[in-house]
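By letter and in written order, the chains are A, B, C and D; residue numbering begins at 1 in each of them.
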Amino acid sequence: MSMNTFGHLFRVTTWGESHGPALGATVDGCPPGVPLDEAMLQVWLDKRRPGQNKNTTQRQEPDQVRILSGVFDGQTTGTTIQLMIENTDQRSKDYGEIAQTFRPGHADITYHQKYGLRDYRGGGRSSARETAARVAAGGVARAALKALAPKLEVIGYMTTMGEMEIDRSAFDWDAIEQNDFWIPQDEATAKSWEAYLTKVRKDKNSVGGAIEVVARNVPAGIGAPIYAKLDTDLAAAMMSINAVKGVEIGEGMAAARLSGTDNADEIFMGPNGPEYSSNHAGGILGGISTGQDVVVRFAVKPTSSILTPRASIRLDGSATEVVTKGRHDPCVGIRAVPVGEAMMACVILDHILLHRGQVGGSVGETRGKIG
Amino acid sequence: MSMNTFGHLFRVTTWGESHGPALGATVDGCPPGVPLDEAMLQVWLDKRRPGQNKNTTQRQEPDQVRILSGVFDGQTTGTTIQLMIENTDQRSKDYGEIAQTFRPGHADITYHQKYGLRDYRGGGRSSARETAARVAAGGVARAALKALAPKLEVIGYMTTMGEMEIDRSAFDWDAIEQNDFWIPQDEATAKSWEAYLTKVRKDKNSVGGAIEVVARNVPAGIGAPIYAKLDTDLAAAMMSINAVKGVEIGEGMAAARLSGTDNADEIFMGPNGPEYSSNHAGGILGGISTGQDVVVRFAVKPTSSILTPRASIRLDGSATEVVTKGRHDPCVGIRAVPVGEAMMACVILDHILLHRGQVGGSVGETRGKIG
Amino acid sequence: MSMNTFGHLFRVTTWGESHGPALGATVDGCPPGVPLDEAMLQVWLDKRRPGQNKNTTQRQEPDQVRILSGVFDGQTTGTTIQLMIENTDQRSKDYGEIAQTFRPGHADITYHQKYGLRDYRGGGRSSARETAARVAAGGVARAALKALAPKLEVIGYMTTMGEMEIDRSAFDWDAIEQNDFWIPQDEATAKSWEAYLTKVRKDKNSVGGAIEVVARNVPAGIGAPIYAKLDTDLAAAMMSINAVKGVEIGEGMAAARLSGTDNADEIFMGPNGPEYSSNHAGGILGGISTGQDVVVRFAVKPTSSILTPRASIRLDGSATEVVTKGRHDPCVGIRAVPVGEAMMACVILDHILLHRGQVGGSVGETRGKIG
Amino acid sequence: MSMNTFGHLFRVTTWGESHGPALGATVDGCPPGVPLDEAMLQVWLDKRRPGQNKNTTQRQEPDQVRILSGVFDGQTTGTTIQLMIENTDQRSKDYGEIAQTFRPGHADITYHQKYGLRDYRGGGRSSARETAARVAAGGVARAALKALAPKLEVIGYMTTMGEMEIDRSAFDWDAIEQNDFWIPQDEATAKSWEAYLTKVRKDKNSVGGAIEVVARNVPAGIGAPIYAKLDTDLAAAMMSINAVKGVEIGEGMAAARLSGTDNADEIFMGPNGPEYSSNHAGGILGGISTGQDVVVRFAVKPTSSILTPRASIRLDGSATEVVTKGRHDPCVGIRAVPVGEAMMACVILDHILLHRGQVGGSVGETRGKIG
């Protein structure tokens, strides 16, 4: 309901600006008794952290997260969890030019039009730095999921970056953690992606990317009708990430071109319950999980912060050209992988709690028995 | 927050099952003093209504909407508006087989798994009949928009249907209302779409479709950060429609393949404020409207209710084959056009109210002046 | 959260005006599998229904409730339950005078000031008729509680009516259903209340009243910190009822005059868990239930609709005198008893679901074992 | 809606435990362009701060508030405002006994029963220290009100403390800030209250108190029907404060004993709009403000943390006696005055925003003209 909050029962409110003293997430509704400490969150923040290799922005931020409330003796207490990440590398230089100019493709102009003022330092609230808070909150969700549904996994990876695209016939889950792009591909492919991105950067340009996030071992029956559908909430969660322009579940936009016979996931009885011949549905039917992998894909546009000059205007309406010199990612999609994972973890946990509240029963135990 | 409600200040709760006595929408938060009567809603319901031509289901429903509360002397009073549509053509036949069988690609199985029981008559709550309630609520939103922002228009049309795709170089706004598919194309093209769909139906098959909805003359500055972004809410709104598997804003998924130079919408000062060289962003930057057209696209999967047999299981786990004989649309995407429009109208109105509450000022008056 | 909705997971939206075609409640979040039919709701509506004896308004309304959705084969399905009560005895007479005049102590003037227009027929949305919808929703809550927590009981009764006050030393639970005032007192006392009220009515006057609602066998551990405290939600629920001006939990306002030694409920270990020497706390500590009786009390002001003339103004600002001739209750507090019960049932159910969602475990089974 | 959040558009989420590193408030929905700095908040925190005189707890906390986000160049930006207060005087001593024992009248036992664990240090989340966060958030609300409705004032004072009660015939607004009890009475009366409280403390006891909060110059028309009534939200806001057991609007519980002729606030036309002969209604009719003073009163129970032994049990069920030796307020009601003011400021601001969103128009400008 509110502007900066998402979730039904597991509710995350993020706060903070790019160049303010700190940013963070206020997490309400985490179940009690979940083992949690800062190190469990830090591992995910380190994955998103900038400055780790030449493919991402060179801004150096330790992104050290602190838990200020809601945890006692190493366990969550059921009360509000406050997560804070201090900003250390803000480089508070002269912002005179940025303060007066609107970058094309950026939220500078719309924030100004909406609010009549904006924190222009580093993009303020509209900076992708806000996603660090999401990743921290996602870490809490993962900790709770570990306690409630130990087999459940959330894994993200890139599928395209500009002209590059993964080869699904050579999909390798184990390779994802082995390269800078989180692609499920061998080292040679990763190198070719790197060469491509280097060229993009040298061309003073940027590229978009697509990320797929998969949740495995999600119990059947999670989700709810109409406006709290699992796919509805996933679409909102992914579209809320900076620079995202499209969201797909299962077949996604391609479903528009399929026939009913091609698209049907036929059902068979397996040893542990229903099984399916395929997963065009992306693990969701009628907004409710089938027990198959939940598959979400989203597209991140190329960053508008590039070294190539683009036409724009100043606050006074005068024409100008904008060249963004700062430390920017040539493909912001790369660092969107852990952000997408965090959102998936939050949404799945939220729906497990919602199901438990509305329908009851243990997680993983579906109410309606079959066979 | 709740399962069957959407919106922040303009809140719509839908209710009703396909074969129950009635369905409808409970609309809370409509501003007072908006001229409203049943005829103003009926026009939109008639657009969505089944049985109008051979391209849609032959179920005959007058879909007559009644306003039960919230309107007095032809104006809204600011209190809850209850909209009711009685079901008349339920054909309450023998449901024995349907009650025991799960249709592939349908919510039958997940509703059963979630709730332990389901209203199997015509799909119950998961039926696309629920969208009639959305269209009625969308009619209220349109009436309020007419009062608050008279120039604002919401127009939807199909862009693809299976193998068919519109030719954007021959885009004709005026043609949209002239054909059964709501395509912005000439009559000959509409005939070719009809021929294609006839073949699909004769092949005992179905096809998906994509719908684009455009809102024109949306004031700049509508939307809000992070989790009430205009695009976030649009993504959720469209993904909540039955059978939708993907949502795009502006360039959508294609943004993943673009470069920063190609994707940038350059800014120029026009006579009435900022203007843009292009609209890759779909009218939204940082979750806030730019004043350009707001462009949303969504994909509807082919209905799983087809005459070609598909493998499935029964409640007792035994194998079966499902052939859906009922009166079903060969392309449910067609009737999703007015539904997408309704959702767009609701979201835009909601954000105008939200902006007015949080930021103040009249609609159309941006707080931050430029030039 | 929205204007006409209450509840976290069990969410009730009421709609309808006093003299519109119908009124009702949209109930979202009722658990599935709860046995429910119209007769189960009608019993509570009959309790609130006007025109039953001379102590309440003579308006004749059958208040027949219809379930339009969310129930199938005698059980709730987990989807939205729509409850509708048609208005039959609206007496749509000449409203000329009422339309132009503001009754003192009534919402006429504030609705006009807020909205610029109002449905003046019978008070429109501000009429106590709205409470019929709450009672219907409360019937759904009671049905769900019966399924989830069979021993839980919700019982309301009057404690004062103008100058009359119950004698707690002669408290008789069984007598509550035996008299027109729902007082826990013998027949002679009820007769003296009736004599008193007859005199009030003959004096062209009205009186206020206080109602106490008790929930017994509420499991310990229900409630939540800070803004979803059980007492917070009960206070809001009761204060939302028409004409209520005060709400108390346990000792209530009297707690302000007590000392810490007098107010302490000492704790002892009983055979089935903790027991208390007293219940000054009204069954709630820190917003969470102790397992003792939950005790809420609220005051209903005397209705402003009386036959004695009171000074007021007309829409044009001119002075007038108002005498309300309609069919009004001399003590609206009497019919507030079933309304208070309904609100208590809704709040308790909502918190049981919220607890189940956030903390898990079966109802009645506290997570923290003692002894 | 969620556990630790209140408000519709102006939403406050509090976080933090008594003896954790920090506590604070996450404020979402503050309008942009409001002048705000830490000093403007500190003044209210200093009013609530403990250790200032012998009538309140001797715990020494500077309660220095920091603004971590949402403010730029001395103005609010419309984004989340994070307020943090570090705890400095936690005295992390041996908690062995407290960890095992439940204090009578305290939330120790219910938090344990609900969550299975609790942060027992200083009461953890259930400590009245949480109210510091509310006061900080209330400071933001006051700053926004100053910008939106400059004449609006919010003033709180005690009306009773145990056996002491103010004399309304000697009511002196100017005296409120001149004494330690915030009573509207002369110095001699304040000295008699102090003597009384000294005796209570020497008797190893505590007393309750009642606080009245008045909002003056609230525009007519603020509030909303049924479940967002102004009085509903005020009742919830006050009842959510630690130790509060009763809430009254205007006549409050006394309304139950009044007759309709006595209770009616007659209406006259004044030079600037409607005026009333009295204010039994406490400035609210039908949940909407009349333009008169909004008057709320609440009762705070005597603290259960006293030096007189009370019977209780330990975690293992064994009997014990509890004597609370810590630094506790003999009347927690005193420090509840600024807390009540903060809640009133938050609720009034929230409703001004809600009205602006739903109905439109400037603050103070009612839509419906009279006269």
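Throughout what follows, contacts are C-beta pairs under 8 Å (C-beta built on N, C-alpha and C of every residue); 3 or more make two chains touch, one makes a residue touch a chain.
Source: prediction; values computed, not measured.
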When A-D and A-B are ranked by contacting C-beta pairs, first place goes to A-B
Would you identify the chain whose Cα-based centre sits farthest away from the centre of subunit B? D
If you average the Cα atoms of subunit A and of subunit C to get two centres, how far apart are those centres in Å? 45
Centroid from C-alpha atoms only, then distance subunit A to subunit B, rounded to Å. What do you get? 26
Give, as an integer number of Å, the spacing between the C-alpha centres of subunit D and subunit A. 38
By the touch definition above, subunit B meets two or more other chains at residues 1-5, 9, 14, 29, 32-33, 78-80, 114-117, 125, 225, 358-359, 367
For subunit D, which residues count as touching subunit B in their complex? 1, 9, 29, 31-33, 78-79, 225, 353-354, 356-360, 362, 367
Which part of subunit A faces subunit B closely enough to touch in the complex? 1-6, 8, 14, 102, 104-107, 109-118, 125-126, 130, 160-163, 200, 205-210, 220-229, 231-236, 238-240, 242, 244-269, 274, 277, 280-282, 284-291, 297, 299-306, 308, 310-313, 315-319, 333, 355, 358-359, 366-368, 370-371
Complex interface listing, subunit A residues touching subunit D: 1-5, 7, 9, 11, 13-17, 20-24, 26, 28-29, 32-33, 66, 68-70, 72-73, 75, 77-82, 84, 114-119, 121, 124-125
